[in-house]
Structures are given as C-alpha cells and as structure tokens.
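So that you can tell them apart, the chains are marked A, B and C in the order they are listed, and the count of residues begins at 1 in each.
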C-alpha cells in the first residue's frame, strides 16, 4: 500500500490522533516526504534504502489484550516486558514506568533536532502509535531488563522518553523479541542528569522477516556518563542511529556496536557525538563482519563546538569482508571548531588477516577453526569490558554465527 | 598563546598579498555574460575548427540543464554567470607571438615580478614554462629542445590545430563534460591551458611548468590542461597561480585531465597561491577546479601533490581512476586557510583494476576565521582484487574561531582489498613550542618550523625547485597569525 | 658580575606551592649539583629558570648576568645563554636538526649583535661537533628526537649544547632512564665542553652521574628549598643513607 493511502486510512488509529500538536507534526512530516524536490541523494538516512521501499507496508496496529508486565526478581533487578509497544504502569521509590499521555506530548515533544534530515524519524512522527515514559529517580541504583515483544504483522512506531535523574546508576538492557513480519520504528529520547552513570546494552537477534529501526537521542549533563553497546546478530534489517549531545562539563559518552551479517542482510549504522562543553570524552567504535551478499554502512561523526575546549574524541570503524559479494561503506567525520582538542579516527576494511590465518593453519588448526579464532579475536577486546553475563550472551551468539558460516 | 594569537591576527591583517599588483594593459574582451554567442566568439578568436565549436556548444547545452554541486562545506553567494567576462586577452594576441620580441614588454615584466622569467637564458635550469595570462598562453619556453625528443608541450589552443587527433581522442575522456556543472562550464568556455604529450618510452628530462595569472577584472579563468603520457614514459608537471588583489570575487574553474598509458608515470604538482581576499573576507578567487587522472594502462602511476594557500574558496579534488592492473595513485596535500578563507579539498581514488594501490597524505592547517575541510573518497570496485589504500589526514588548528573538518567516504566491494584510514585533529603541541623556544627561536619561528615539519611528508614530494618555494609559502601563510 | 643569583624564589603551579624561599648562587665556571627526592621541586626549578609559562612565580628574584631573568620570555633567556637539557626531550616529527639549530644559533648571535652563520659554515660546525660526540651523519638526517632511544635523545641534547655554547646549562635529570654506558657517553660529552667561562647546574636523583662529572658543590633539596650544601662527599653520604636524614 502506498504512503498516502496508509496515512489517510489509518489516521484514526494513531496515538492521540485528536492532539493538535501531533497532527500538525504529522501533516508537516508527511508533506516533507512527499514533496517532489526532497533531497534524497545526500540523505544519510536513506543509505541502502529508498523512500519507495519505506512507503510500501501494511500499516497494522491495534490495542491488545495481552498484558505487558513489570516484575522484580530481587531488589535491584527489574524485568519489564513491552507488548506491542504498551507497558504496564508501575511506580516505586526508584522507578516509574507508564504509557505516554496526551499531556506528555506538550512538554516532551519538539525536543530533538538531531533528526532534521532523518526520514525514518519523519515516518515515526507520521505513524506514531505508542510511547513509553521511564523515570529513574535520583540516587537509584538498579538493573533493568527491557524486552520488546511484537506480534506477527504488527507495525510499531514508538517514541520513548527516559529520564535518568541525578546520581542514579543504571544498567539497561534492551532485547527485541520479534516474531514475524513486524516493523519496529523506535525512537528513544534519553536524558542523563548530573553524575548519573548509565550502561545501555542492546541485543538485536531476530528473524529476517522483521525490520528494526532504532534511533536514540541522548543528552548528557555535567559529569554524567552514558555508554551504549549494540550487538546485532539479526537476520532481519537493522538500523542503528545513535546521537549523543555532551552538554555538561566532564561528561562522557561511548557508542559502540558490533554487527554480524550474512545472506542478503543489510545493516545501516550511524553514531554522532556533539561536544558542547569542556573536558568531555567520547568514543565511537563499530565493528562488523560481513558474509555472503550482506551490506553495511557506518556513518560516524564527532562534532566539537567552539566552546568545547579540552575535548577528546575517538572514532574507529572496522570491517571484515568474508566474500566477494558483500560491501561495506564507512564515513567517519570530524567537525572541529575548538582548538584545544585531541580527536582522531581510524578505519580499516579488509579480509581476514591472511598471515594470521596462515600462522594458525601452520600450527595444525583447520581453516574453519582458524577463521573462527580470528573473527572472535576481532571483538574479543570489546567483550572484556562487558559484564560477565552479557559477555557470555554475546559469545554464544557469536559462536552460533560462526557455526552458520562454516556450514555454508 | 590565545591572546598572542589574536593580537597577531590583527597584525596579519596588515600584511599584504605579495602578488596583488595589477598589470595595466589593454585587453580584448567580449560582452559580459554567457550564451552561444560568447562561445562562438571564443572559438572564433582561437580560430578553432568546426568540431571544436560543436563540442563546446554541446557542453554548453548540458550546462544549461545543471545546477552547481551543493555538497561542499562552503558558504558563498550564488554565482552570477551573466556578470562575468569569459574571455580576456592582452591586445595584440590575435596570433600567438612567435617569440618573446613580439610580446608586450609589460607582460614580460609581469612575469619577472612574479619570479617567472620568460627569457630562456634566465629560466630556471631544467624547467620549461608555459605562461597563461588571463585567457591566453603568452609564451612557452624550451619548446625546441623538447621537440627533439618528440615531446609536445604547447598551449591547448595550439594543440587543437596541430594535434587534433589526440585532442579529439582524449579531451573529456577522463572528465566527461556532463560530470557536474563546473566541468560542463569549463568544457564550453575554456580559453587556454597546456597540452602535453610524451611519446612512448620517453622520460621528459625537465620539469614542465605552467604559470597562471588572472589579471583582468570580473574575468573568469577557465583553463584546460591535458597531459598524455604514452607507454613507458615519464613526466613531471608543475602548476603555479597568482592573481591581483581585487575587491570582487573572481571565478576560476579549471579542468585538468591526465592519461597514463601502460608503464607510464605522471607527477603533477601544484602550488596554488591565488589571491585569498582581504582580512575581512572581501575579494579573492573562487577556485572550482576539477582534476582527474586516468591510470589507463597496466603498471601506470599518477601522483598529485598540492600546496594550497590561496583563494577565497577552494573546491578541488584531484582524483585517480585506477583502471589498469597494478596501477598506482597518490595524493599529497597541504591546505592552509587563514582569515575568512574556505577550503573543501581532498581526493577520490577509484580502484577498478587488480592490485591497484593508492596513498593519501593530507595536512590541513586552519587559522583565523577560516574553514578547512578534507573530503576524500576511496572506493574499491568489485574486480579490484588485492587493492590497497592507505590514508592519513591530519589537521592542525590555531585559535578557536576556525574550523577543521575531515570527511572521508570509504567504500569497499571487494573482500581481498584492504583500506586503512587514519585521521587526527589537534592544536600545535605546546611541548614542542617550549622546546624550540628554549633553543632561542621566537614563538613565530617555532610555529613556522613545527608546521613545516607537520607538512614535510607532503612538501618532500615536490620537485626540488618548488619545495623551497613551498616551504617559504607555508611560513608566509602563517606569518603574523601566530607568534 | 653576578652570574646567577636566586633569591627567596617562591613558585607555584595551579595554586600549589612548589618552591619555597629558594636560594642559590652560582659563579662563572662552577659546576653545581642539586640532589633531592622525587617531588622536592628539582624539575620545577629547571623549568622556572627556562621560563616555562605553566609555572607561576609568586615572589623572589633571579639575577642572571646582572639582569633580571624573570622579565624575559623563554626564547630571550635562551638567547642570553641559558640552556636547558630536558629530562624528556620532545619529538618533533618532520623538523630536521640542521635548520632548527641553525635558526637557534643565529638567534643567539643576532642577540649578541654578532654576524650570523651562513649555511656552509654552520653545516661544517655541526658536522665537526657531531663527530666529536660520535653522532653519525645518519642521525643528523632524522627529525628532532623522533624515534630516538633515551640515550640518543640525551646525546642530541649534548650536541645542541656544544653548538650553542651556553654560559649556563641546566641538566634536568639527564641521567633518568639511562643505562651506565649511555650515562658515561653523556658525561664525557659534558666534560669535553667544560670550560672556565661556562657554568653547569646538574639536577639529579642519583649520585651516579656525579661520579663522572665532578661538581664543585652539591646541594640537597627538600620541600622546595636547599637544606644542606657541601662538596662531593655529600653525594656519597646520600648514596649511602638516602634522603631521610635531611
């Protein structure tokens, strides 16, 4: 079905379709996409996708009966299950979770300006059908395990807000349990207040009939720390676009990711850190292994504004191509307007290190095993910095991926 | 360092562009503006054959349908193409002078002032010069000597007459006129430039050099250079440019095409010192240049070296298409921007053939209120087995009113090819400054020394005669802005 | 003439006091050694004398060759004949020693209103001195300190000293990180250029270097000031029983 039909036909089903601010936003986003002179050529959000492909989908969303849950395994560990974009309302001394209300949109919307040229965000605005509000209270120290479950054929267009209050210390784990033919366009707006420390791990591992467009916009205040790790083992299309603004002095952010692609899978990545204050540190590192006919792109960008002196910014992108039919595009950008900075980026794309392969084989290791060893070592250093249970999960997924390589 | 820097930035404002003088000479120009008549006028002035005019008109038709490329990190008002003169020649140039005695002494004087003497006995040993003044080639030195080896070094207008088969075959073969609007524009209205042909297995014994000078006001310069290195040959080519100091912006949109056949090597060096505008950003050259080399044959090599210190705007990406197996492309660049200059420069390495190799070394230095961008594209196409690229881009910032940007595009479609890319941005190392000053060097000398060291990897690629000049130019570009 | 006189010098860095009413007097041709434990302010002294802008002089006076040294900036002090042999000589990639030292010595000659050296005579001078120090031609071709070992860097410093012929040379823990052989080479270099006009201030943690260069005076420094002065026997004493008793 084309975009126009979708838009008009389902106009009553969108969240708060009667909200004036929202419907204005919807209208203008719709107009923007459909206008003829829309610049598609230089639009980074359209790498590997076309507006036509995006527009052709069956919009399907309805409120569900099955209950989302919130449970506590012990004092610190929260298990939160979102079902088709809906959460169960929960509040205690440390945390508050609820579905967005009409009122929230007046205060919360219009916050992001990272996404001016992001067509996926335009789609998110047009078809918005759900949204969750998380509030992690001051001083809270806790772990959250968040699972997004989506039923067959569902289309989720979600805008979430997470507020990490002062001095809280949180490990947030994002999991995607998608069944079949779902489209998930999820946008996070994350605010990290003074002295808060956040570790955000994101696992993506689902079947190839699903699509996930994940975007996050994080703002870090003074002395706060936000570190994000994404692991993409999915057979389905994944887009990871993550933006951070370091607005407070002495804050730091790291955006790291690994992706493991096979078949005809496509993965589109972007990270973007904007240094707006002095003495901040950032790290953007993405690594990927590509097999078969897979395709990946990675845009990274360190922006240092005029007043962000004593910035340290680091970027790295690494790709290993296993066959002649895969391709990797990377564009690591530095935009620097302050002079007292240390910024760098490195990028390598190539095959598995032949000399390492030769060395291992000369020690009697089979070619397949040698390949596995080298590929594992490629992300080993990243695993070392992870908590044990997460590292184990990644290792398990990696080993599954490698098995599938060898069996090909 | 900051207060000192800003103080001396003011000092820099009083420094004058050394080549800013104007030569008072009558010139022959058509009406301002661009239309078919202008193109016919140019073609007629050059007494061109019909095929050349047809080619120009076709390019003009393409240009009409195009708009200027927008992706560069440059801000400037829309160019009014109808407010420019497209041809300007010193009076008396209906025919190119046969020898220097026919050239207006004022012109010879101009080149003497620029340090480019045209009398052969005074010319730098080992460098043959083609001097281009506004739209025409004034004189080409050492021609006779080169002819003995079968080397053709002449103005492109002359080549159209004398070597039409080569011009027809190669003109526009590396840069298709429809590539983008500036290449179409140049193809339609190009006035003069150099033509070089090196026959099979000939190693050109001297540096070939072209010196470009824009003199007339409101005049665009659209030169076209075509260099063909036949099998097994070698040539080193140098290009220098200056312009007078004027309040208005002048347009320069050159096209340079290089073709290296099997086992041939072309080394192309540029020292670009167009007038950069004044301390308030008024005036200066808009430099939109398309330079592209085709490594057509096996084992061929094209190497670009550039030192960019001038122009109000620089838009320039000397590129290599590595088509022949085992061919090599290189790009060495120093770009210094000061005051309100803007530069968006870099390269494009397209690996098509097997075992092709490329190397990119780029050094950017930003001062004052300038914006300096490196933009580079490295791509490995599907058949580029075992291709290699190494890229290193370093930027230096002096003061916090300027910007340094690094924008690489890296694309690999071949799994045996290896791309390595490194980049860094920082300010001048304070420990190095301290060390040099402890040895008695002034702050300014120390900065100049360190910056020259920073650029050394690139400067050492220049031919000897130019390397010393370039070093001085680097120091002059920094003069007064630090210290 | 007062050669070097430091009178009640107080210095701090980022508000932290490092030198505390520091006093010393050095005459022409003398060799002084300052010894002290880590953090006593030895290196601060060297850097303050050289004019490093990171340090703040709170009060006190430094007279060098009858002039107030504190009024001059880094390069002016160097031009007046003060040379600091760095503890960690910085690498300057792409900058060759020849133009660097040439500019350096000419800045000094110019300041002294003497004729400057042309390329040829400088090259000769450099080659001669390098030869005397056993520095290969190959090493002269490399960028300043770039890719040098610790010993090579220190030898490079001695080479620079020998060419600039400074009246006062300060060695800032020149012996740190050197093995015995390298230490001897450095010491021999220093001894070779010693003359009655030039003075030396050797800042060190260990006695070893002083076995090779015989200082006229040895001072012990603690908490930003000299606590005891004497001759070489003081160094032996420290070697035997450490800094505790001072």
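Everything that follows uses one rule, which is that a residue touches a chain if its C-beta (ideal position, glycine included) is under 8 Å from a C-beta of that chain, and two chains touch if they have at least 3 such contacts.
Small disclaimer: the values here were computed from a predicted structure and weren't measured.
Novice: Once you've mapped the touching chain pairs, tell me: line, ring, star, complete or other?
Specialist: Basically the chains just string along in a line.
Novice: Among the chains here, which has the CA centroid at the largest distance from chain B's centroid?
Specialist: C
Novice: Measure off the straight-line distance from the CA centroid of chain A to the CA centroid of chain B, and report it in whole Å.
Specialist: 43
Novice: How many angstrom lie between the centres of chain A and chain C, each centre taken as the mean Cα position?
Specialist: Their C-alpha centroids are separated by 56 Å.
Novice: Averaging over Cα atoms per chain, report the distance between chain B and chain C in Å.
Specialist: 48
Novice: When you check chain A against every other chain, which residues touch at least two of them?
Specialist: There are none in chain A.
Novice: Mind pulling the residue numbers of chain B that touch at least two other chains?
Specialist: none
Novice: Which part of chain B faces chain A closely enough to touch in the complex?
Specialist: Counting only chain B, the residues touching chain A are 70-71, 382, 395, 397-427.
Novice: Please name which positions on chain A make contact with chain B in the complex.
Specialist: 42, 306, 309, 319, 321-324, 326-351
Novice: Inside the complex, what are the residues of chain B that reach chain C?
Specialist: My answer: residues 429, 431-432, 434-443, 445-446, 449-450, 452-457.
Novice: Spell out the residues on chain C that touch chain B in their complex, using ranges where they run on.
Specialist: Chain C residues touching chain B: 50-52, 73-75, 77-79, 83-84, 86, 89-90, 92-95, 99-101, 103-105, 107-108, 111, 143, 160, 164.
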